[in-house]
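Okay, so chain A shows up in both of these, paired with chain B first and chain C after.
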Partner chain A sequence: MNATTPPHLKWPANADHTAVPYSVFNNQEVYDLEQARLYNGPTWNYLATEAELPEKGSFKSTYIGDTPVVVTRGQDNEIYAWVNRCAHRGAEICRERHGRSEDGAYTCVYHQWSYDAKGDLRGVPFQRGLAGKGGMPKDFDKKQHGLRKVRVVNYHGAIFGTFSDDTPDIEDYMGEDVAYHFKRIMHKPIEILGTTRQHIAGNWKFYSENTKDPYHASLLHLFHATFGLYRSSQKGESISNNDFHSVLWASGGTEDESALDDMKKDKLRTLQTGEYELQDMSLLAGTQEFEDNVTLVILSLFPSLVLQQIQNTLAFRQILPKGKDEFELVWTYFGYKDDSEEVRNYRLKQFNLIGPGGLISMEDGESTELCQNAIVRDGEYTNVIQMAGKEASGDDHLVTEGLIRGLWKGYKELMDF
Partner chain B sequence: MANNALTLELKGEVEDLLNAYVQCIDDDNLESWPDFFTEECLYQVIPRENHEVGLPTAVMWCDSRGMLQDRITALRHANIYQVQWYRHIISNPVITTEDGDTFNVQSNYAVFKTCNDGESTVYNIGRYVDVIVRDNGVLKFKERTAIYDTHRITTLMVIPV
Partner chain C sequence: MSEIEANVIFSIENLNRDYICALDKLDMNKWLACFNKQGTYTLISNENESNGLPIGFMLDDCYERLQDRVTQVVDIQEDSTEHYQTRHMTQLTNITDLGDNKYKADFNFTVFYTQDLIEQTSILGAGRYEDIILVENGKVSFIQRKAVLDTNVLPRYVPYPI
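Take a look at the complex of A and B:
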């Protein structure tokens, strides 16, 4: 335990990263420290896709942690971000989720202080007073009163932001394998297909754990098993980069046009376990769009992003903490700009599998709440994270909690716990 | 839109369908829910923020009665969620028809959700935009689009609205 660890947070000795005290999930002090040390610290936070900022003047409101942030495309076509808080008296400037500023100006409604896309202060009403009365002091310098700026990077069509000057280059931050899988999905221009939002009454880190946990996949999510759609041939890997970033991938080998026939054959082999069958198999119709035949990628970039491919569904999931025991999950669904109508329709139908009503994903929010409900007391008790050993590392299989151990290893280091 | 053929009797027939639909869900008689639709149909639950800018992503999107049945089978036998009950309140509908066989209908809805802790919450508010047709003499939904204002879904959506 370090000097900066809150005294109530009793991390067990000699447990490596296989045990985490429950108070880390429901303590206000820990939550506030996370906002300071993680979200305001040396982390890259997902903000938007470039596709959501298509033209000069486009903007989108979002958050880094629980700090409101606006991402803009300036008149110079560059992308900027700043904290959505007027430098004058702290009012929220941008009140829309997204849109376009025709003149490239962002004006606070309270006293009409006006900023440009970079967050620089451009206009202060009555700066020189009215009829010789009032006005700002003579030494008032607009340059000194811009908005709090966020350093941004456009990484293959995704915009990330950081408050810290110490945050490493984005690709070094991700690590080699995570960067590879990121670029694999973002290999050509994307088209946004929509957004859904989910509010979950649990600590955001329960969800981080969930996205690094292949152990639960076949045990909690029973959609495939119930309909006898399981593939025994699934190959996969769990990869850890820089401790708290990770990739889970699996290859189904079932995504081409002949997949439906294969699945039906499969189902015959597993009929003894599956008494139900899909009435409409078109839900699982799709196309093999990646040459590597990988059909599932869950890329988890700490602390705020999951980029996923499940069959032909592609989505960013942004994790937004809303307090110590709640968070919002924002799903941004996309395809590629050059999608044929057929492929686009595959995606739209397969979106039934993911999101707040996702046949194979809806339980993730539920599991988060199950944990949060049960840990209100006994904060010194710990969980048990020992599947596939005690190392904080990836494996060449999916029966592991190694990535969760990696999460906690990285978390403790960055939090200085 | 012309409304030449709308009689009180037809209006009552449409309203009976809308009422029976929400009673079916609220009474947990979900196995009968697909029967309210034609064999080829479109049922979607879409956030207003997508709908109003023309983005197609929906939380539920089913284009056949079979897909509706699969939703219910998954709800009963696969998906994991806490015990919950819906209670729908629907507004008087606005109904237009040209021929008395195809109806364009819009109504507002509110779904309250009650879970095991006994707290009832406003779960999902929106409007239904429907195309209702006569199928072997019986009115059914050819299209039912629930466009919801409550764009932050609490926890998950498993029961159709």
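Take a look at the complex of A and C:
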């Protein structure tokens, strides 16, 4: 963060982490600054699971922010990442989502400059010219023309990347509680079960807010509340680490009766207990696979990752900004390598709950777009984030917006707004 | 497809027509009526299908799940999702006789959608149906309808079957 923030992008005097100006969602300059200060700044960005890079030569194309990045497993079995842009004339090198390079080489199709898995330049056609004509200058040094490299870390089977030398150790970055819950889910080798991708016509931070917002979950998602998968009246906690990062957890079947009575008094559209019945109850059968009986974990690691456990569904959700008013959400679903057939079948059935067609998750895309539709102007106006007070901190309950306040507190500081 | 009797082709085309008309009218009970009691419905991306990965957008693996899909669309999600009008365009590409009155049928599809508030029309997705169809005693029904989407990045979320 060397340059100073342009005065017109500074937040108005009445704005803080309880009242965020809409300019953060609708301004191209803000978006461009985020790419510089967040995604190219001291943040760890989720890139892949190790399971997606199973053997030497495996690769996966993805992004840090909107910068295209390729993650590779080298011939030395180490994992590397680099910007997917040829050092020669800027062409995209890797044009597949994932695959395996048999010879470990990555060659730009334009002029066939080739690189190894580390991103080092290995070959330049006609470097010495043809029949004494042409060629690169004699002082051309291939070592000076490698790809832009990304520092990576493999944290319990998940690969993260950063452009900044200032980014702290990954566990210090996420904080103690977030690290605990991350390791709780990633406690043994995983098996990838599939991927889905959806475009959402909204600013990516509306989705970041959504995943730190236990307040909405009982109110927007009728399936959630009606069938008791999640209710704000359940035993649970909202935990904030280092402002940006958070964990929401809840235990199904642990209703606080007085809280549930209060919910019923509110005559919520989404609380229709006894109104609807499932013909196929096996959707909600599942198995209690964690000893702590926690049935819902939404772990949000700023800026690009949500790791979730909902019942027996496990997934990484990668948030990929595509502009000030659009992003792509990539869901990577997994189970564990040692899953029995019975557990695997539970997971497959329950994946109906999540994803772009998910019974309890599709409305999140809708709410994001509803917000974006309404804030195209009035960037100086602010929202109201005061449920459970004004502190940017977690709570021992789920009727709070404290984690969202944490997000904006950290964001304001890192963006120098 | 030339070995398939004309009345079978006609029946299969009729079943597909009933199916897409039901969805375009959002008449979910007529959608359900296209399946028999062994019926299953899958909506999956070509990315997962071609990599042998089982996860889909919708995995209704028994008739009761199909019934619950109807309840979900008609009652549960009614006012929390933005309605869009669909237009399904389909083309029969192959029929194979599997014996025992069962046929494997393939259709290509394109689905246009028009959101209520936006009132502009875009393509929701393109792909293919891979069907197992029972033609028996003058009745025709799906044992399996699997919609495989070429459109790996959906333009939005999908509250309705395709």
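Odds and ends about this structure:
Here, the second predicted complex is superposed on the first by the 372 of 417 C-alpha atoms of A that agree within 3 Å, B and C clash if a C-alpha of one lies under 4 Å from a C-alpha of the other, contacts with A are read in each partner's own complex, and residues count from 1 in each chain.
Quick note on the criterion: a residue touches a chain if its C-beta (ideal position, glycine included) is under 8 Å from a C-beta of that chain, and two chains touch if they have at least 3 such contacts.
It should be emphasised that the depicted structure is a prediction, and the values quoted were computed from it without experimental measurement.
The superposition on chain A brings chain B into a clash with chain C. Shared-chain residue A:136: touches no atom of chain B or chain C. When both complexes are overlaid on chain A, the residue A:362 reaches chain B and chain C alike.
Of the two partner chains, neither chain B nor chain C is touched by A:91.
With both structures placed on the common chain, the touch criterion links A:15 to neither chain B nor chain C.
In the superposition on chain A, contact of A:387 is made with neither chain B nor chain C. The intersection of chain A residues touching chain B with those touching chain C, taken from the two complexes, comprises 97, 192-201, 220, 222-223, 226, 276, 278-280, 283, 328, 333, 348-349, 351-352, 355-357, 359, 362-363, 365-366, 369.
Interface of chain B with chain A (complex): residues 45-47, 49-50, 55-67, 69-71, 73-74, 77-82, 151-158.
Residue ranges of chain C in contact with chain A, taken from their complex: 43, 45, 47-48, 53-62, 64-65, 67-68, 71-72, 75-77, 79-82, 117, 152-159. By the touch rule above, chain A contacts chain B in their complex via residues 97, 192-201, 220, 222-223, 225-227, 276, 278-280, 282-283, 328, 333, 348-349, 351-352, 355-357, 359, 362-363, 365-367, 369.
Against chain C, in their complex, chain A makes its touches with residues 97, 192-201, 220-223, 226, 269-270, 272, 276, 278-280, 283, 328, 333, 348-349, 351-352, 355-357, 359, 362-363, 365-366, 369, 373.
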